[in-house]
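Shared between the two complexes below is subunit A, which pairs with subunit B and subunit C, respectively.
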Partner chain A sequence: MSLQVSKHGDVVIVEVDGQLIVSNRQELKQRVLDEAEAGVRKVLIDFAKAGYIDSSGLGVLVSLAKRLRELGGDLRLANLNDDLQTLFELTKLDSLFQIADTRERALESF
Partner chain B sequence: MASNAALDIRVPSDVQQIAGIVAQVVRRCRECRFAGRQLTLNVPVALTEALSNAILRGNGDSAGKHVRVRADVTELRLVLEVEDEGDGFDLEACTLDPTTVENRSREDGRGLFLMRSLMDRVERFRGDGNVVRLTLVRR
Partner chain C sequence: MSDVARILHAFTEAYGCGAVLWVRGATAVEVAATSGGDVTRPDGEIYRDDEAVRSRETALGRQLIARIPGRTPAWVGLGPVADDDAEPRRWLRVLVPVLSQVIQSQWEATRAADELAERYEEINLLYSLSEILGRTVTLEDATRTILLEVAETVGAEYGALFVHDESSGLLRPVTTLLVASAPLPLPIPTDDPLSVTARVFRTRHALLVNAGVLESDFEAPFRQGAMLTVPIVWTTPHGGIPLGVVCLSGRRSGASFTAGDEKLVAAVGSQIATAIQNARLVRATVDQERLASEMRLAHDLQLRLLPDARIVGPDATCAARVEAADGVGGDFYHLFRLGGGRTGVLIGDVSSHGYRAALIMALVMSAAAIHAQTTADPAETMQALLATVEEELRETEMFLSLCYVVIHPAAGTVRWTNTGHPHAFVISAEGETTRLAATDPPLGLGPEGLHGDSRPWSVGDVLVMFTDGVSDARDARGDALGEPRILDVLRARRHEAPSRIVDGVFALVEGHMGRMRPHDDQAIVVLRTD
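What follows is the complex of A and B.
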């Protein structure tokens, strides 16, 4: 997995390329926590180039959303493919996150 | 039943091994013409969960231990066995329902649920070690 990080106004966009699983989930967690530590409150994770996610990856997303909401911000998601959409629906995490079809719509939603 | 694409490997108990093992099993399933969704979702997620459980819980994240993975793939079905050196666990008792309102915001507790949601059958038993067997019918 690799992460591409960019900024759009006050939103930090993290693009996940590859699988988000137990062996690499800490990279994403630390990167977003570092941004939060630096004052960022709005984070968008874009899964357009992502592979599959396991329960550890889902857990990291829950953890990051909690942290950002505690700080008065939010974590939003975009571009889930059909497999990822199925995972979020199976676990009912689709009710915990605001998920947009496109990056643009996600940015507009903040 | 004759195996079209069998795999039997023993690897160090390390989460960095997971991606390579998953890739090998998915390749064998692709050779046996499993459906695209099974190759991109069911098999990789369920096997990753089984390996992660074996390495982190069964073997207690101990680098000196090993995990054995057997995959028997035919054009009818995939049977996977993941064996660790732990004492085993009660599959029913350990499976949480992460969809309830109180569990939905938990950071953990989705692994066994996903395994059981994405496979046709999940069993746990004692072999030489603690074995989790996953069965998926080809579609």
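What follows is the complex of A and C.
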């Protein structure tokens, strides 16, 4: 997995390339926490290039969303493929996140 | 009788004149052999290092004394002789070279014997090190033997062997030969500016320091006088890695260490490093075996926590199977007979595996057994369960996907609360598949307040729940098995006994994975009530 980080206004966009799994979840977590430490409050994670998220990866997303909400910000998700969209629905995790089908719509939603 | 004594006696027999040989020993000039004449130790100018023949008056008469050239300081005395000593002087000109030759030969023979003894000690040292390398020994045993053997070889009474502890940046003494009543040496920081041991570790160069030079408190417990300090360096294809330092002091002979000693200890430094690495590897292997054994034990214990599927009889027929990916895992199931013909089935997946997940699993299983019997509704049971494990989940940053189903055949209903568990189904006798959808996000992630749902339950229905380790099982190309193929097997086998349905699913999983190992725990429960 690799992470591409960019900025759009006051939103930090983290693009996940590859699988978000137990062995690399900490990398994503630390990257977003570093941004939060630097004052960022709005984070969008773009999964356009991600094919799979395991249960520990889901845990990191929830943990980051909680942290940003505690700081008065939010974490939003975009571009989940069909399998990931189904996974979020089946596990009811779609109730915990705002999920957009494109990056642009996600940015507009902030 | 020595060769020299035989020569002196032969001389006296031939010429009728006594002869005495003095040799300078370690502390004084002593008589080495005599065939007659005054043996009193000569003194004064007699010891001058020249070839002059001198005479002295003794109680037994006049005696001529000449120095014998060679590496060993020696003198021969002939007497008593007359005042006209021309004849004895001629004898001396013959006798002195002969004695010189013999003494030189004896010196060389002694030297050769010493050399041989020294080599023998070195060979013995290398033999001991080879023995350590070939044996299974602890680090402490290996270093103790090494220090004793090296000290013995160079004649040192005191010493210490330090091994570098990377995590703390300290050189830790692992074995010592201490000065009497000295305290145990303290670990030495590798950057200590005064310690010879630290300096040698940093520079990786041996250091021979004389008495009174560079003395520090760190080395006081094992230093007396001069100290020879040599680095222990492990040689790898990518360069040397310093592992520690060996210090030797208090030479028994009183003499200082020689360049030869330094060379010898430096030469065996890499052997010592190999012995240390060997001992470390042995320790690591033993630790790993112990851990593997504990994991096997934990795995057995975990499996014992899972109930026998027959406990739900006669109200229901059930089969279940759990395969842990890491010895101990986070997938589990539980079964309850709830009275009135009702059966409770719980399947769970902790968001991790290994020890911590297994502990959460054990906690959930024991709590679920209590709450299932004291609550009436699945949502109520799960809410009580959440209250029990909430703090544990928060502290460990884990979460639980759980699906708890209560089947009541007499009422024709199935009720459930599903916290983020994706794969729970009822398959009807006609092959219709209905997902028992998640009512809430996984435990530990969602907001407070859990929900429940229900649907009809008919004779011939089969309840099937499995964890994502089953549907995510990967083949050699990394492709997941996927839920649809599992559902095909379930539909095809829906009329068979639950145990055969479970076997069918695992046959599919194993066929898909081939020689690949599961990357996640796998659990499945199948239950019917007819």
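Everything that follows uses one rule, which is that the second predicted complex is superposed on the first by the 110 of 110 C-alpha atoms of A that agree within 3 Å, B and C clash if a C-alpha of one lies under 4 Å from a C-alpha of the other, contacts with A are read in each partner's own complex, and residues count from 1 in each chain.
The rule is simple: a residue touches a chain if its C-beta (ideal position, glycine included) is under 8 Å from a C-beta of that chain, and two chains touch if they have at least 3 such contacts.
Bear in mind that the values here come from a model prediction, so they are computed numbers and not experimental data.
K.L.:
Is the arrangement of subunit B and subunit C around the shared subunit A a clash or a fit after superposition?
P.N.:
Subunit B/subunit C on subunit A - steric clash.
K.L.:
Is A:S95 touching the first partner subunit B, the second partner subunit C, both, or neither of them?
P.N.:
both
K.L.:
Looking at A:S23, would you say it contacts subunit B, subunit C, both, or neither? Reply first, second, both or neither.
P.N.:
first
K.L.:
Pick one for A:L87: touches subunit B only (first), subunit C only (second), both, or neither.
P.N.:
both
K.L.:
Does subunit C touch more residues of subunit A than subunit B does, or is it the other way round?
P.N.:
Counting residues of subunit A touched by each partner, the higher count goes to B.
K.L.:
One more residue to check, A:S56. First (subunit B), second (subunit C), both or neither?
P.N.:
Touch partners of A:S56: subunit B and subunit C.
K.L.:
Can you tell me which of the listed subunit C stretches (40-48, 166-174, 418-426 or 454-462) runs into subunit B once everything is aligned on A?
P.N.:
That would be 418-426, the one stretch with clashes.
K.L.:
Which residues form the common part of the subunit A surface touched by subunit B and by subunit C?
P.N.:
Touching subunit B and subunit C on subunit A: residues 22, 52, 54-56, 58-59, 62-63, 87, 90-93, 95-96.
K.L.:
Where on subunit B does subunit A make contact in their complex?
P.N.:
Residue list for subunit B touching subunit A: 15-16, 18-19, 37, 40-41, 44-45, 48-49, 52, 56, 98-99, 104-111, 113-114, 117.
K.L.:
So in the complex, the part of subunit A that touches subunit C is made up of which residues?
P.N.:
22, 52, 54-56, 58-59, 62-63, 87, 90-93, 95-96
K.L.:
State the interface residues of subunit C toward subunit A in the complex, per the touch definition above.
P.N.:
349, 351-352, 397-399, 401, 418-422, 435, 437-442, 445-446, 468, 472, 480, 520
K.L.:
Could you please specify the touching residues of subunit A with respect to subunit B in the complex?
P.N.:
Touch list, subunit A to subunit B: 19, 21-23, 51-56, 58-60, 62-63, 66, 82-83, 86-87, 90-93, 95-96.
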